[in-house]
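Order as written gives the chain letters A, B, C and D; numbering starts at 1 within each chain.
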Amino acid sequence: MCRWMAYQGDPVYLESLLFEPDHSLIHQSLSARKSEVTVNADGFGLGWYDEREEPGLYHEILPAWSDCNLKSLARHIKSGLFFAHVRASTGTATNRSNCHPFGYKNWLFMHNGQIGDYEALRWHLDRLIPEYLYNERRGATDSEVIFLLMVANGLETDPEDAISKTIKQILVLMDSKNITEPFRFTAVLSNGKELFAVRFSSDEHAPSLYCKAFEKHIVIGSEPLELSGEGWTLIPEGYMARIAGQQYITQPLPHFLTE
Amino acid sequence: MCRWMAYQGDPVYLESLLFEPDHSLIHQSLSARKSEVTVNADGFGLGWYDEREEPGLYHEILPAWSDCNLKSLARHIKSGLFFAHVRASTGTATNRSNCHPFGYKNWLFMHNGQIGDYEALRWHLDRLIPEYLYNERRGATDSEVIFLLMVANGLETDPEDAISKTIKQILVLMDSKNITEPFRFTAVLSNGKELFAVRFSSDEHAPSLYCKAFEKHIVIGSEPLELSGEGWTLIPEGYMARIAGQQYITQPLPHFLTE
Amino acid sequence: MCRWMAYQGDPVYLESLLFEPDHSLIHQSLSARKSEVTVNADGFGLGWYDEREEPGLYHEILPAWSDCNLKSLARHIKSGLFFAHVRASTGTATNRSNCHPFGYKNWLFMHNGQIGDYEALRWHLDRLIPEYLYNERRGATDSEVIFLLMVANGLETDPEDAISKTIKQILVLMDSKNITEPFRFTAVLSNGKELFAVRFSSDEHAPSLYCKAFEKHIVIGSEPLELSGEGWTLIPEGYMARIAGQQYITQPLPHFLTE
Amino acid sequence: MCRWMAYQGDPVYLESLLFEPDHSLIHQSLSARKSEVTVNADGFGLGWYDEREEPGLYHEILPAWSDCNLKSLARHIKSGLFFAHVRASTGTATNRSNCHPFGYKNWLFMHNGQIGDYEALRWHLDRLIPEYLYNERRGATDSEVIFLLMVANGLETDPEDAISKTIKQILVLMDSKNITEPFRFTAVLSNGKELFAVRFSSDEHAPSLYCKAFEKHIVIGSEPLELSGEGWTLIPEGYMARIAGQQYITQPLPHFLTE
């Protein structure tokens, strides 16, 4: 399982979230608490918004804790909306093309979870990517194909609908192939203005998703950034959260996904 | 353009071919003579046969000349049939999944050239890969998809026929999409016993392919390994070479490709 | 703390030791049992002897479990005497120059432990390296400087004496600087014919050192390679082991070190 | 020979200097014009000043042209004073610890050239580094030791004097060891406010150093960033340049260095 966090609020140096909290993502990558794997050392990535329309991206295959570039970048890059992800591979290679977050135009996406028996579905999934998007397929992960399907399903015009449609599309495919392993999916997306997070699983074991509203910012992530966990809300399974400015609202996923 | 060499003969340490000749592949990777690009620093790879059925593989994204592991491996690995490749990317990312040689079971493949306007064809090409082979698609290069199509077209049973069929298949696709950029393709394959080399182009500018029979071995490559070039034969465009033991025979590609 | 293993016996493919046992070094690198840290992901290395006088060396900064090259090399390299090491940095950078095993002529060295307050001693330690050896100093670790001091202290002519002298030399320096943090040192060396292992600490908390004689080979390492631990002997603190052929003999370190 | 450039002026995105000019540093790294080597692919680095006192640093061992992170960072990082360097190793390993620019507190340093017969002098040079600075010695290059000697010689209080003293110190050492290979040194330093550049050689073949004042910024580098070379001034050998705000002044190095 991977781990990730996303920040929205007043512009801050990335290090204040990535390194300083007592259960920051970099600390998490070294030791496990609430998650199922012990270490996230199969690459990591950053995505951040600034004055440019499209976000900055940084991907590296070293463990996050041993990358001296990350330390310096996190001390010098300021952002009011950024993503960070530490990867524990579920099978595909450790290379930069397989690192989250994935970017498309002004959009960022990152993810924890996996499509059950992905090996058996990859050929089918890739064929669902429309031609005009196919050159965006740079790696071999299930995460990247999910993101491209969301774009194909209208992410840019109706994010919540595109997210639901894509989950459904994958469930239908899995069903048609009689895949019994679950589809677990806890993810976040952004267009640079709002965040869209989702916590879903086909087997009621969705990876965790926590959210906390601070005075001037909101953080959402796979785990609380503080060991105490105080003030962190667990988003329920089968829910989406939409974060705009200092507020987040949650709503259940459409019925066609959860019943 | 990439550069490569393949060796068949008495088992030798790889360094005797990779580093020692005055125009060895490592020297070539730093400076250009007969080739069109100045430097091959976008990754490299080795494939070698030994007592195992499937070949050993080593891929690295550093320039070949600065990889200290390569120096040591080439001093300590002995083989009677091996491939080496230095890459100059024609567009896709520098990561290990995009490095030659590519392996499938007991087969190795490497390549110099490119499919004209590959970006416009990638979606179509990937859809030609049959489902049972698709999880072998690890990177995003045209080279890897050509290799997988050869496997799909019967490489294991009739190599020459599979090579010709695949070239034709790509030409037909290019034609149907009105691609006018050429398809240039100089490649070598092996099943661990024989070598199959091919020099083809749709525009009469195929990348070069040289061959030399020494007393106890044969070398084939994109350039002679000696600056003098003495004793090296240029395989003509539109020809294949088959190397078994100490001998090589050349034959023209089928008419349906060259007329 | 790092982890390592060394093998002497009939030539085998490295994978039979590195990957196959249920508590192999690669498994260990992902999860901790008897050791103090949870993960060894700050680079790794191999050293192996074959027909060449000096050993082969392979160093990589990726976690061992995610390096596809290692998988292939371990399937294709056979050796009757080899070293493997997975690193958890105690402070210095993750780069290849800091990865074990270190080589010098026909010698290999690798190590688990650390010199207490190394930062305060590094300037002094480097000044103990004689001029003729100094260009062998490629990284910044305490491990490398210990090895070079052993060479300077006569490793090539009397290994046990050089090991003891070097430990003493470091203890004297630490004492002169009033360093109270311990010097812990569990290491193995080889000249390609014999193995010399040592387990020492200035505070009676030496990192563990296990040994097991199989029918046709001997393995020594920081932990047993089998979860059962059956048949593995813990070498006592303050002891050296010398392994030649199928036998190992242990002896206490000289009095001047242990009293 | 390495190549580098430094910028001072209105804050700009790094890409406007690194990628956009027709003879930008990234273009230079792929092809040679006025320099002596054909390719700079042994690592590269960035250093940039912003609101923090100490500069940001980014070092990478991939060739600059194939690092997708660099492309994104250069599009998203803005600075009014930054350094960029592409390396062609003169012998030491390709790892991040050996990449320029080097940083110390608020200072940056980068360099083109080399100390003649450095291998024979390294032991002596390292011993000149005072104890309090020694843990800043992370790699093995001559460049890094020159920088640390400058710091030891008073860089923070009188940069021009420290530069001259350090050059002299090295010349005296070379003379005492009867080194006849030249000491060539074209370098730039900054404290975040001013730039100090120097062009020196013991044999009248100092690497080139060009400077150009634009309307709102100044660029200094090993080569002009435009193929035309128009408006670029070659700083003479044996001269220093000091750049503050929009102006640069040059002055000869002290007599004790040049006669």
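Criterion: a contact is a pair of C-beta atoms (placed from the backbone, for glycine too) under 8 Å apart; a residue touches a chain by one contact, two chains touch by 3 or more.
Keep in mind that what you see is a predicted model, and the values were worked out from it rather than measured.
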Worksheet item: Same interface as C-D shows up in which of A-B, B-C or A-D, over half of contact pairs matched?
Response: A-B
Practice prompt. Same or different, please, for the chain B to chain C contact, judged on whether over half of the interface numbers appear on both copies.
Written response: same
Item to complete: Could you put a whole-Å number on the gap between the CA centroids of chain A and chain C?
Response: 40
Worksheet item: Residues of chain C touching 2+ other chains?
Response: 68, 93, 96
Response to the item:
Listed in rising order, the residues of chain D that touch chain A in the complex are 48, 50, 52, 56-60, 68-69, 72-73, 75-77, 96
Discussion item. Which residues of chain D touch chain B once you look at their complex with the stated criterion?
Written reply: 30-31, 38-39, 41-42, 61-63, 66, 68, 89, 93-94
Worksheet item: Can you name the residues of chain D that touch chain C in the complex?
Response: 93, 95-97, 119, 122-124, 126-127, 129, 131, 134-135, 137-140
